[in-house]
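A short write-up of the structure that comes next.
Letters are used for the chains, namely A, B and C, taken in the order the chains are written, and counting of residues starts over at 1 for each.
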Amino acid sequence: MSHPIEVEGLVRRFGDIVAVAGVDLVVKRGEIFGFLGPNGAGKTTVVRMLTTLLRPSAGVARVAGHDVVSAAGAVRRSIGVALQDAAIDPLMTGRELVRLQAVLHGIGRSEADRRGDVLLERVGLSAASHRRVGTYSGGMRRRLDLALALVHEPSVLFLDEPTTGLDPTSRMALWEEVRRLNREGTTVFLTTQYLEEADVLAGRIAIIDDGRIVREGDPKVLKAAVGHYRLQVTVAPHQLATARQVLDAFGDPRPSHDTTVAIGLRSGPATVSVALRALEDAGVPVEQVELDAPSLDDVFAEATGRRLEGSAIPDESGRE
Amino acid sequence: MTAPAVAPPSVFSWVPLALALGRRSLLGIWRIPAAMVPLLAMPIFFLVAFSGSFSSLLELPSFPTDNVVSWFAPFAIIQGSAFAGFGIGFATVRDIETGFYDRLLLSPGSRIALLVGPALATAARALVTATAVLMVALVMGARIPGGALGLVMVLLASMGTAVISAGWSLGLVFRMPNQRSGPILQLVIFVCTFLSTGTVPLADQIGWTEPLARLNPLTDVLALARQGFVGEVTWATTWPGLVALVGGLVVLWTWAATGIRKLTP
Amino acid sequence: MAAAVVGDRDVGLGARAVVEQVRALGLRSIRGTLRQPQVWLPGLLFPMFIAAVNTSAMGKAVEFLPGFDGVDSLLDFLLVASITQSVLFGGLAAGTDTTTDIQTGFFDRLLASPVSRTSILVGRLMGASVTGALQALVFIALYGAFGVRIAAGVPGGLLLVAYAMVLALVIGGFAALLALRTGSAEAVQNMFPLTFIVLFMSSAFFPTESMEGSYRSIASHNPLTWMVDGMRYQVIVGLDWSQAAMSLSWTAGLAVLAIFGANRALRARLRRAT
């Protein structure tokens, strides 16, 4: 049987802008696939093409075994979608939206009510289900959006930046829910600009930049491939040159601030003490030391020469 | 893997969805009654203003009635109905811009429901407009010599015009899914309603508007709507109006149906 | 013109500088208008369309109905109506600009600069007034090409331009008042139907002599009727200073009222800002 998502040479142009410039992908059954990239990389454009909302300019995509252009109806029947801007009519109540969503998928009224109750309970919105969505908080909207995407029990779930704008607690809750859905057999395609989210949630990731996939694979393997812990030492300004010379033996230089020297440690964290002793021997007192484990940001930087600046979740450093 | 939960396509019926979408369109009015105000205020204002400002026009030779309110009420109703159709188009632009429309487009069912739903809602809105204007007109002294049949004709023309105008609006909105479509929609509706026999019968128009009004199918629709207000309902006046309505429906809803295909595969 | 506004004294700018600021802010307002054809074009085309349609569809009225003495074509009759309508719509658009300035923070930037408080309002109104003059000239020229002759000749034309300039102060003042009070573009745009109602319930489109009953009495007591009639006299009959004085004094009176209100609204906003 075919894979839930198979993409070959997918391209989308908007006038002169090439938003997606030839993407190949396979997502296997039962995976959580993370699609990571900075603003404007083309994540949403890919999702919109895979979910039949946007016609590809070129290339082929099959979702749940059906072509997204020629068999769009069959694709829509198999997928659940929660788009980036939780598109929810503020005038309707949560329950009315669930009902409408059920009707959109041809589910009968009593069945719709039964499933609606279960889903609203599951995302913790039972109490608010009679309130107009306009009164919901951002987190509640996201959870409602997720519930809506699940009404017809889809086998493939697309989530476009599901946690952007959520506080840490809501984010964790949503992650947990995604994991649970995945355990129950749903294949999940999730886009994010948060490194941590891709790291924690996804079994496999692809990094997209400027419309192209620049890396793909298991996040652990990808990180191991970039591989180097980053060692950064702060020394007195007049000793920067000496420090650089000494540390050169332990790894390649990395960009750093004025009074610091940074390298990618060639042979793992165990050599930190050796490096520090070498500095001491050279008569360079070290004022401060930092050691960072390789992160997906390193993978991204290695692939693109840039960092996913500012998109990192604040307390993310050093996660393995 | 979860079991397929959805009925197979052959059984999938678009009717419940069309009804649900129609209901949602009307829900907006129900929840924010203020939204209905322009829809009612504009035709009522036109009725009052035209009847007041242009009352003496009826002294021109070819006017078939001497009751100015009876003359302008059907025009106000038809114009209000045309703008009700615009309202649906504009609501759809908002849905597209907020992304809500994506949810509808993700429905695996036939696109028919996405068209029929708003059409039903438009007809319902037009009915509200027509009823309100009628009541004001009666209070202002309008007469309906054509009786119940005359009323049926004006309501038919009103709903037909609204649905045709909705077809025009949706067709444009699907091709130009942003706020910029708003002025174009309004302009065309405005021009079409004014280049007709809305204010003055063809025989008394003296310039460039006369041939255009003669060609404008809305002139026939207006005659259909107006006949019961100026005299008896006759088949000779009814059938051209019906032909114009059916023609408009076919053409502009084909325009809408081909438009929605441009949005998604 | 507008009285001095709070803040002037603290700044202590010379009269020369104030004039320069008024000029700069006025030019900015005109430029802002000209650069947005979607704002002013409907204000020109809409009145033209109405005049063109009415002239053709209702043109027979001139022969048959009362109140059209000396009128050759309905277009003669509608020249003043078109100018009035165009200026009213254009002035509202300019009012929306003020709300945009408030929302984008440009207004705060102005307040934070040593610009005289008076020039903010006066500049805006001067801009509106010049735009009004341009609108009047467009209509005089265009309708002239279609055979409309102003009976009062060049002085009559100048009177129309003056009327448009003062009328622009009226609507510009009211729009600025609303914009400064509410800061909401919607509130200003909500005046749009209102101007339409005032226009219709006046002699602008049709003579009051041909109206009936209470509608007629409302229309004949609408100041806009007096403003329009006095100007129309110049177009249809000929130069008449007493008619012109009646029209212009009403217009100027309303302008003073509007500017006074706008000035107070500006003071209120300044107080809130400091």
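The rule we apply is simple: a residue touches a chain if its C-beta (ideal position, glycine included) is under 8 Å from a C-beta of that chain, and two chains touch if they have at least 3 such contacts.
Treat the numbers as computed from the prediction; the structure is a model and nothing was measured.
Closest to the middle of the protein, by Cα centroid, lies chain B.
Chain centre most remote from that of chain C: A (centre = mean of CA atoms).
Look at where the CA atoms of chain B average out and do the same for chain C: the two points lie 34 Å apart. Between the Cα centres of chain A and chain B there is a gap of 47 Å. Averaging C-alpha coordinates per chain places the centre of chain A 56 Å away from that of chain C. Those residues of chain C that touch chain B in the complex are listed here as 38, 42, 49, 52-53, 55-61, 64-66, 193, 196-197, 200-201, 205-206, 210-212, 215-216, 219. Note for the complex: chain B touches chain A at residues 1-7, 9, 11-13, 16-17, 20-21, 24, 27-28, 31-32, 95, 98-109, 264-265. In the complex of the two chains, the chain A residues touching chain B come out as 29, 51-55, 68-70, 72-74, 76-79, 81, 83, 85, 87-89, 91-92, 96, 99-101, 103-107, 132, 148, 152-155, 184-186. Put simply, chain B touches chain C in their complex at residues 41-42, 45, 48-49, 51-57, 59-61, 183, 191, 194-195, 199-200, 204-210, 213.
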